[in-house]
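Have a look at this one before I ask anything.
By letter and in written order, the chains are A, B, C and D; residue numbering begins at 1 in each of them.
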Amino acid sequence: MPVTPEQQAEIDAQRAMRHQTARATVPGMEAHLYEAKPVLDHGFIRVIDYMGDDNAITQAARVSYGKGTKSVQNDEGLIRYLMRHWHSTPFEMCEIKLHVKLPVFVARQWIRHRTANVNEYSARYSILDREFYIPAPEHLAAQSVINNQGRGEALQGDEAARVLEFLKADSNRAYDHYEEMISEDGQQGLARELARMNLPANIYTQWYWKVDLHNLFHFLRLRADSHAQYEIRVYADAICDVVKDWVPFAYGAFEDYRMGGAQLSGRGVECLRRMLSGEEVTQETSGMSKGEWREFMAIAKPN
Amino acid sequence: MPVTPEQQAEIDAQRAMRHQTARATVPGMEAHLYEAKPVLDHGFIRVIDYMGDDNAITQAARVSYGKGTKSVQNDEGLIRYLMRHWHSTPFEMCEIKLHVKLPVFVARQWIRHRTANVNEYSARYSILDREFYIPAPEHLAAQSVINNQGRGEALQGDEAARVLEFLKADSNRAYDHYEEMISEDGQQGLARELARMNLPANIYTQWYWKVDLHNLFHFLRLRADSHAQYEIRVYADAICDVVKDWVPFAYGAFEDYRMGGAQLSGRGVECLRRMLSGEEVTQETSGMSKGEWREFMAIAKPN
Amino acid sequence: MPVTPEQQAEIDAQRAMRHQTARATVPGMEAHLYEAKPVLDHGFIRVIDYMGDDNAITQAARVSYGKGTKSVQNDEGLIRYLMRHWHSTPFEMCEIKLHVKLPVFVARQWIRHRTANVNEYSARYSILDREFYIPAPEHLAAQSVINNQGRGEALQGDEAARVLEFLKADSNRAYDHYEEMISEDGQQGLARELARMNLPANIYTQWYWKVDLHNLFHFLRLRADSHAQYEIRVYADAICDVVKDWVPFAYGAFEDYRMGGAQLSGRGVECLRRMLSGEEVTQETSGMSKGEWREFMAIAKPN
Amino acid sequence: MPVTPEQQAEIDAQRAMRHQTARATVPGMEAHLYEAKPVLDHGFIRVIDYMGDDNAITQAARVSYGKGTKSVQNDEGLIRYLMRHWHSTPFEMCEIKLHVKLPVFVARQWIRHRTANVNEYSARYSILDREFYIPAPEHLAAQSVINNQGRGEALQGDEAARVLEFLKADSNRAYDHYEEMISEDGQQGLARELARMNLPANIYTQWYWKVDLHNLFHFLRLRADSHAQYEIRVYADAICDVVKDWVPFAYGAFEDYRMGGAQLSGRGVECLRRMLSGEEVTQETSGMSKGEWREFMAIAKPN
């Protein structure tokens, strides 16, 4: 349960608000507003605000005075053209603001995306809650044996149990000591900005995060990807579900050209042409390293 | 008249739209939406969209779940505190999108503010209109005799007339030739991306410009300042009039701490303390250069 | 001749300097330092400074204490891996500073790349020189008949002559009037910040431009591309010639994966697989629009 | 001892390099290059590279072809003018690259400064070392009783001992379990990207951090300030010691106008003028809140 009853009441109060506006408004997004979408065991994403819609993208691309007389179909075609040709500025004309609750080690990856606005809950000023991410058994993965930066099969039996026990016990002990250290009951009480350093990276933090659609797509391309760490990918997936309802044409183009697409090198293009003209090409005759060839064949001829 | 009747009709259609939203909505801004506010002889600013309000600033600063139980008065106090202590991220949580029509030489100054999103009308793709900025007589200023980067009194009599004649005649001749060069009537027609280079810097262009409130305040501090060139200052002033109605607490704090405030150097603080303790301080005993002393005295003891 | 004898003497003096440094140093770049490489009729690029080399990229990727014990070959392999997998931050660890002289209409395109540092010559403060870009006859191109944003064949005969005459005469007349307006000889003299607006977009300006290698590659991918306007492409090409000598491994990877590579959509990948398995695919059965199909076939089966 | 003998040997090898360069070179910075300057119990900063010097700032401001014929004194005057009038772009023309080893909770504050380039040691890919920040007794501070976001007196006696014991024991136990979880000895071994989440925020990480001088000054103004948390302030102080030797004029101007200066609000300027004209002003007659008045008096009349 990621939110308390008091928090849920505040959320419900905001969801019940109704204002009149002449701004671009998307009914599908209005339905998502403020609602906490659960992610991991205690996390969530909440849409706090949004600016623009599909039409705002083409309106900006055309620098137009109104919605334009162009048909909806033309909007979709133009959006696909803009995405295909790497035009970024029209997509920057849409903006979204999220409230996110997430483990600190996920936050540390997330913050690497610099072109966004962030306000994080301050552990210098406030006291953190006793909430830690403990993976579900099926996500307690072993180190990958083929990729230094990845994970393999789920841990089994005793090993899994031992790891879960470590994570739970260490988190709770660290939090007990955090509380004892900051307590002002019969003692001075350690400064919060110092006490927090005893807390492990699976503790939850939260922030307001605001980003434009172009930079959000960049984030999603990297973080909703199968190579991303599972714990951030589930946040990216939850955001995808919302963006789909916000800007359906732009999201469709993003899925086709970015998520579902592939990047070929100059050598790859050349091999492809040779293959299409009937030539048999092997790694040896491709001019590619083994790693490049493996990645190329996964695009051209997946088994 | 900065917009055509057809454009005005498109604007009116957008102004008449009414949607229901649960997003933060500011009635004062709704009244400004889409309307072309005239600036200079053919320019304007139009508010296309906005995200957030004063409460969105404090909400983000507190990373809260709802509007918060805090009173409006607390919101104002917190906003003033955040502004005074140079907290920037909460102000980044508000965003505004403008449509601006402006002379090219103003656009060239404006674009130096990099932390914003821009879509400009493309003169590679489209044909520019015959619209040039011709200063009103009272703004036809002489070069300043005391400041290399400024202007002095308005030009008088024959000189003023001669300058106006140059500006008008050269603009029109350049535009006539632009039209002749791109014409495909009985000739191939020069590429638009080349023909545009014949046009002078007082021709009007237009763009969609989207920026967060923190960076907008930075822009306004520099461009609504008395040292800014008059032709960009009038745009900044027009934006101030809108921001005032959008986020009145934040704008009030900005006016007090940024526009109306002053920055003292370490030497300035020391001189000030000496003066307040009754000492007579002169430029010679201040440790400041003449320029610094003049600027210091303009703050401390304006005549 | 883009630089005066006095400027050349200043350049020669800087080229003759010799300092001892323990910083990463690239002999090939030292040879380029300060030299004005001519571009267009009066423009140039000059390398003013650089930070880092190929090794600085891998050093940062490994967060290492020294140059690392890894072989040069490993450096190249790692750089290709980083480029292929869109790792951007290691490439940001190299930085270059250029002095560029360029026509204003080129500067207006260039400045759209926001992630760079710029100091432009100030026409509020200083007086611009009488230098205008006049295209060579072979670059005086007609508007493209198939692409709204491009150019076709070179203009012929009388039309070409007429266009050149317009460009030259209008530039010179505008500059004559600029000089007359700012003259303080027997008159007040118009403020420079106003007089400049009479000057056309083919006048030359200049700036210092500093950018990291990742963002430079992004600039080069868009501006050294065949779809870029010729007048900015020649600047990008001149920069490529320098970067090649600065970070040869990174530049090689950039050429292979970005300049020579291709981006396929999800639909494109699917068509490709069908074609490689022997199926005949046409635009009608591809699921692509005509434009997409044309672009896809230009990758897969160029004639 | 923040570096191992092997690391020190790599550092010494880099310090011994000597190359010839025509780039701007600062002897005082050459002496700092690569050397690990200790910060906290296991951390350091190391200068890896730098671009530019004081002259590079004025050269860019003047967009000049050489070092300029202006005297060194003029350089200092211009730099002070640029700093006083908030010109930022000339300072962006200098760049510095640091290798920093720092506790994770410090890294989390540091990374909030977005306008910089960062490569952090990857705990998805590599194994972290057993190194934790344990405060010296005099820095083991109590929560401030007057400021929610600050610290008071050092903890005394038993309480201090108990806190130190918690920090040490919890760190070590967490690290023991981290090692046990990732061990592949007789078990699968937990993925590193998961195991790291058991580690507390006082563990050390490291990164390469590259930033321009303007943004570095912004960082230093906030982090070398007395309100910054002690553990980040010591890093900022160590950087100040280096910058002082790199760009002495710019650093001097920064100290005078930013670190040693003060920002007055419009109300503050007005009160100041009243006081200088002999009027007795109190908080009640100042128009300021108590907090603002206290801060104003700390500038005007510190006791």
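The rule is simple: a residue touches a chain if its C-beta (ideal position, glycine included) is under 8 Å from a C-beta of that chain, and two chains touch if they have at least 3 such contacts.
Owing to the predicted nature of the structure, the values given are computational and were not obtained by experimental measurement.
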| item | value |
| --- | --- |
| Graph distance between subunit A and subunit D, where chains that touch are linked | 1 |
| Higher-contact pair (C-beta pairs counted), A-B versus B-D | A-B |
| Subunit B on subunit C, rotation in degrees - Cα superposition, rounded to nearest 5 | 180 |
| Euclidean distance of C-alpha centroids - subunit B vs subunit C, Å | 29 |
| Chain centre separation (subunit A, subunit B; CA means) in Å | 35 |
| CA centroid of subunit B to CA centroid of subunit D, Å | 33 |
| Junction residues of subunit D, two or more chains touched | 89, 112, 118 |
| Touch-based graph of the chains, sorted into line, ring, star, complete or other | complete |
| Touch list for subunit D against partner subunit A, complex | 103-105, 108, 111-112, 114-115, 118, 122, 124-125, 133, 135, 140-144, 148-153, 155-156, 159, 162-163, 166-167, 170-171, 173-174, 177, 180-182, 184, 187-194, 196-202, 229 |
| Parts of subunit C lying in touch with subunit D, wherever the complex brings them together | 3, 7, 9-11, 13-25, 30, 33-34, 48-52, 56, 59-61, 63-67, 89-90, 92-93, 95, 97, 99, 117-121, 206-208, 210, 212 |
| Contact set on subunit A toward subunit C in their complex | 77, 80-81, 84, 86, 89, 112, 222, 255-257, 259-269, 272-273, 275-276, 289, 291-292, 295, 299-302 |
